[in-house]
Amino acid sequence: GPPQSRPPALRITALPDSKTTELDPKYRLVASHLSEVLGVEVEYVAVTDYAASVEAFKNGDVQLAWFGGVSGVQARAAVPGARAIAFGTIDPQFRSYFVAHQGAGLAPRAEFPMELAGKRFTFGDAASTSGRVMPEHFLREITGKTPEEFFGEVNLNGGKHAIVAKNVEQGVYDAGVLNFQTYENMVDAGELDPELCLKIWETPPYADYNWTAHPDVDFKFGKGFTDRLQEALTSITDPVLLDALQRPDGLIAAQNSDFDRIEAICRELGIIGR
Amino acid sequence: MTICSRKSPAGGIGFELEEVTVAFPGKAALEDVSLTLEPGSTVALIGPSGAGKTTLLRLLAGALEPTGGALRDMGGVTRAQRAAATGFIHQDHALVPVLRVLQNVLAGRLGRYGALRGLRSVYFPSRADVEAVHAALLRVGIGELLYRRTDRLSGGEQQRVAIARALFQEPCLLLCDEPVASLDPARSRDVIQLLIDLAEERGATLVTSVHDERLAGRYFDRVIGLREGRIVLDSSRSESGQHEALTPAALEDLYGIVRGDS
Amino acid sequence: MSAKDVERLRRARERSPFLRWTAAVLAGTALLAWVGGTVDATDLFQSRRADNLVRFLSVDAMPPAVRDAAGAEKLGALWAWARDLVASRYLSAAAATLAVAIVAAILASFAGACLAPLTARSGPGASSRPRRAVSFLARLGCVLCRAVPEYMLAFLLGALLPSAAWACILALAIHNGGILGRLYGETLENADQRAARAWHLAGAGRLVATVGALFPAVLPRFLTYFFYRLETCVRESTVLGMLGFVSLGHWIVQARAAGHYDEMLLAFGMGAIIVLSADLASWIARRAVRDAS
Amino acid sequence: MAIRSTSTIDAGGPIRRFPLGARALTLALIAAAGVVSARYLGLDLAGLWPRDAGWNLGGDLLGAAVHPAFGYENEVPPGTPAFPWRILGALWRTVLFAAGAMSLALPLGLLLSVLASDRFWQLRRRSGGSPAARIVQVAVRILIALMRSLHELLWAVLFLAALGLNSAAAVVSIAIPFAGTLAKVGSEMIDETSKSPAAALQDSGAGRWAALLVGVLPAALPELLSYAFYRFECAIRSAAVLGFFGYPTIGLYVAQSFENYQLREVWAYLYALIALVVLVEAWSRGVRRRLS
Amino acid sequence: MTICSRKSPAGGIGFELEEVTVAFPGKAALEDVSLTLEPGSTVALIGPSGAGKTTLLRLLAGALEPTGGALRDMGGVTRAQRAAATGFIHQDHALVPVLRVLQNVLAGRLGRYGALRGLRSVYFPSRADVEAVHAALLRVGIGELLYRRTDRLSGGEQQRVAIARALFQEPCLLLCDEPVASLDPARSRDVIQLLIDLAEERGATLVTSVHDERLAGRYFDRVIGLREGRIVLDSSRSESGQHEALTPAALEDLYGIVRGDS
């Protein structure tokens, strides 16, 4: 219907980093909680890939989004005035796991596994922080080679983290890399066999996920609404909601400068500021 | 009353051909044809297959340009006026197969109207127009077929739809390419008589190719014989009403039958 | 008197309620699509959309080198940018895309041409009972092949096969084979059957009548459909970028993920050039065939 | 006893021209392009043999194909519609997206097909060969080619990036290449209709538009409409695939179930889509039979 | 020597029709037709346009099934054998327009060969075949059109290509639908004579629809008149060689001309 007939709604989205069918009910729960606390209508908008979440934010289709490190940097670079307002307690120290199929003949080790060279390898989504950008960054730093040079045949767009894990577990690829949290959640839930999909290396820590608010919210819902949002998110204690947010330990306040390092890496890789 | 008089806008259409040639790649269908066709005359074209009859008719209709020589039409009408006044019954009938008979006949008057009015007249005909079409169909004996799809008709029925279209058009120049090829002799005579009556009633010029030289001699003022693209016979009705030039020898020569050789 | 006759004839005219209902149902569905709320057309006309478009064209789609270059040098910068990208990545990706499409289209066309005489229901001798059963089965096969979108097929085959190129080719060939089987069959059906029937009545077998009398007449149309499917294959292999084999689709995904829409558009353009070339080839081939004796 | 023939030829002489020349050449060139392409890609038949892991997935897929789901495989959040309703709803939305797209593509495609056809411009007689007419025709052909040159998903991606999330943009992204394809195929169908009816109308003074609408289009229309109906079926498939990009058509649920490895649900959705396509196909046959 | 004797595999093709009806939606083209056609006879079908002549020929050719009644062919040959021995000259010629005249004529013998040999014989004909085609074309007077594209020919030329194809086929059952409609009278007589000679030479059965009842009476053993789907006239040549049943009154009745009716 015509937009003016309804009061403005706060539209939120989340990076589709794991199964969309699971995200959907979770974020609906988050939306209804925010709506209750803030007294405005809140609507969850599902998107199907990382780029789409950034595009939705840029195009004003959503005003608040749960981004990855890189997608958050991309979104804030595209929308001046956008603010990172919250992240989970684990997010400043996020990591990726390099995993290998049991039959690939690779063993866990402390330093980067150079014997990955030439293996059939899969990254995650091309815009993923933990599935692509940071692993690629470490790979370049340690080996001095690009993924194509190092692996030869490589899938640079392997999709969501769970798909990467499944593909490696089944041997579709010899090895891959994914978000450590997804790996552990899947193993805990019995969805992944850690014997078949073996963790072989863990990256150094980096800052990742974040809630980022669009500057539009202050225009739409009144000055200071961004701060109210931050307050609403960081004050959540209900375990059901925290589980829905995928951050059982709770959310803490964040600011743009928490992502300076990753922003520099993005700049270096030409993802932003070209 | 002759409608197609010299005074009417498209009336009195005649032609002067001066050494006209029509050459297709590898084949001259007409060669050095010189001919004057008087307005209001009725002319039959005869000649063996491949002689150039269809080509000459297409030339008169303006569907072909001569590749040599000059073609002038008499009377100072515009090209569009002349076209609207030209009815052409094609050897292959040139009907739109998926349309109904009604629409195909109505299409005969498109030339009179502008695009919009013309389209309305074909797809949303007035009651009067439908009745006029029915009348034209009745004259060629297929009134019942008014609403039939044209491609479901027999050969002769299709031919008569094409004739009805030309009747409905009320032309001042009527060109017919073997209009009775698919008809039985009795119907052939009737259709030819119908065309002649129409031409005389309206003062229209009628040029018809026919295969039956007896039909030609009996009904037409003038009979022109073509062979290999050239005029080899040109007979006008004499005072006595006979075509004296249509002798058996002349016809033998025209059709070029030499029995027994290969 | 005549008016009465005309009215009687008009009442008795052939009409098809089926076609009338089809038109009404389709028109109703289309209307519902626009006014029923599923498709929101008004949203497209918000001012925000126009702003987005302006931003996309002036910022996102603008190569940085061109943006930074001074007035007259912009063109040179654009050329240098495009040349570097094409030479380093897109040319080989475009070649791979085209190669996949060609192989897939040929396989599909071959399968389609084999299926066509089976699926056509009006060919010579088509009214016999076993022939109708064969025709039904062939049609069913075609429907099953083409009902699953190639995108989904590629998705499934990609997980099965070690060669991503083959997965892509097979997905396209299966899907398009089903489509061509139907289109070729329909062409045979709609073609002027008189000549083929005459051959068949003169005793030629069905195959001979079809291949001899019908194929020459329908070859231009077959080629039209072949090239049209080739184009489709090019377009489709351009979007099948998720299989991990380096086609244009691969670079499109990478560029979009990094937000480099200028590069994405250049890759789109490369795909468009291949499609246009296929169009040109189609035009030349059909002219040659149509004008040939 | 025979009829005199005006000339004779050396009947035993060689056939001067290869009767199949251009046809054989065209087909040979296509085959050669196929061989070169296969070489370039380094295709070998071994690549068609599923890899070891592929057999597991293949087995699971086939197993699921035999036992498609009749209800959700896993627990679903409250408020989710019952499985059959979800399928029907998704199919209905798929059809709506397709119908919306065709309602734009058909009129646009028809108009462009006329402007792109040779037959239409030949109807102008005098000005048919004029440079202006030629320019318009070529411009329309280029426009058609450009519309077709991008896959509907790429148009959707483009609109997503340039405009934002919008269902109407999704419909338009199907409509653009479909109008282009209809225009292209339609112009060829128009060019293949018999010339004589329109020529006859023009000989008797009918204008260009009248000759087009009475003498040309009706002859092409049955085939064109039956082709358009087939494109409607294609639009249904395209609308289904748009679901992979988040629009609420059946592809969305295929993607989600595949992601969750709920293969039996995947097959249920695929079978539903197949059934829909078969239904439309049967309908399309009925339409075609009555149109021709 | 009669090739198409009862003893030859496809020889001596005759028919027995018992109350045969062929009904199209909304129109019965043939109604309760009972008829015996002897092998080796020459039969002319006459009758007004729309009478059902084409429909009867298509029935005999096996291109249509009767919707009522029974059609039996005499002689114990298979359907394929019969088809190979049946030549059909269609009212609309049924030629492949884009092929050369040569190929269209060669197609006449496809029924004799298997698939591969047949296709080879059309596209890569032997010298002997080309000569035979040329001979057939010469017999109908268009020898020089051997290598022309068929759709570039005049109406009569196309008709003769269709006739040449039937000649080349050497059939034992020859069905001709108005084979001389587009030909001039002299050529018409020659072509009919050619067909009769061919039939007699080979012992073939010839069934031809013609519009000219004089041609029918002069050349054929038997003349059958159809009107509105029924047989209204059946005349066999008497001892004196005349068709005594073909009286002016009978013909008047057959063609049923009543001016001005519908």
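For clarity, chains are labelled A, B, C, D and E in written order, and residue numbers in each chain start from 1.
Keep in mind that, in the parts below, contacts are C-beta pairs under 8 Å (C-beta built on N, C-alpha and C of every residue); 3 or more make two chains touch, one makes a residue touch a chain.
Because the structure is predicted, anything quoted here is derived from the model rather than measured.
Engineer: Count how many hops through touching chains it takes, at the least, to reach chain B starting from chain A.
Structural biologist: Between chain A and chain B, the shortest chain-hopping route counts 2.
Engineer: Can you give the shortest number of steps from chain C to chain E, where adjacent chains in the path must touch?
Structural biologist: Counted as steps through touching chains, the separation is 1.
Engineer: Would you indicate which pair of chains has the most C-beta pairs in contact?
Structural biologist: The largest set of C-beta contacts joins the chains C-D.
Engineer: If you average the Cα atoms of chain C and of chain D to get two centres, how far apart are those centres in Å?
Structural biologist: Roughly 5 Å separates the two chain centres.
Engineer: Just give me the whole-number Å value for how far the CA centre of chain A lies from that of chain C.
Structural biologist: Chain centres of chain A and chain C, defined by C-alpha means, are spaced 37 Å apart.
Engineer: Using CA atom averages as chain centres, what separation in Å is found between chain B and chain E?
Structural biologist: 29
Engineer: From the C-alpha centre of chain B to that of chain C, how far is it in Å?
Structural biologist: The answer is 47 Å.
Engineer: Among the residues of chain D, which ones contact at least 2 other chains?
Structural biologist: In chain D, residues 1-6, 17, 19-20, 51, 54, 57, 161, 163-164, 244 touch at least two other chains, as defined above.
Engineer: Return the residues of chain E touching two or more other chains; collapse runs of consecutive numbers into ranges.
Structural biologist: 92, 100, 138-139, 142, 187, 190, 262 - these are the residues of chain E that touch more than one other chain.
Engineer: Pull out every residue in chain C that's touching 2 or more other chains.
Structural biologist: 5, 12, 14, 43, 48, 52, 159, 216, 256, 292-293, in rising order.
Engineer: So in the complex, which bits of chain D are touching chain B?
Structural biologist: Touch residues, chain D against chain B: 1-6, 194, 196-197, 199-211, 213-215, 218-219, 221-222.
Engineer: Please output the residues of chain B touching chain D within their complex, sorted ascending.
Structural biologist: Contacts found on chain B: 61-63, 80-88, 90, 92, 94-99, 103, 107-108, 110-115, 118-119, 122, 169, 171, 228, 256-262.
Engineer: Please name which positions on chain D make contact with chain C in the complex.
Structural biologist: Contact set of chain D toward chain C: 17, 19-23, 25-26, 29-31, 33-34, 36-38, 40-43, 47-51, 54, 57-58, 61, 93, 95-97, 99-100, 102-103, 145-146, 148-151, 153-154, 157-158, 161-164, 166-172, 177, 181, 184-185, 188, 192, 223, 226, 230, 232, 237-238, 240-241, 244, 251, 254, 258, 270, 273-274, 277-278, 281, 283, 286-288, 290-292.
Engineer: Under the touch definition given earlier, write down the residues of chain A that touch chain D in their complex.
Structural biologist: 19-21, 24-25, 28, 45-48, 52, 55-56, 59-61, 160, 162-163, 166, 170-172
Engineer: What residues of chain C sit close enough to touch chain A in their complex?
Structural biologist: Going by the criterion above, the answer is residues 37, 42-43, 46, 48, 52, 55, 64, 159, 241-242, 244, 250, 253-254, 256-260.
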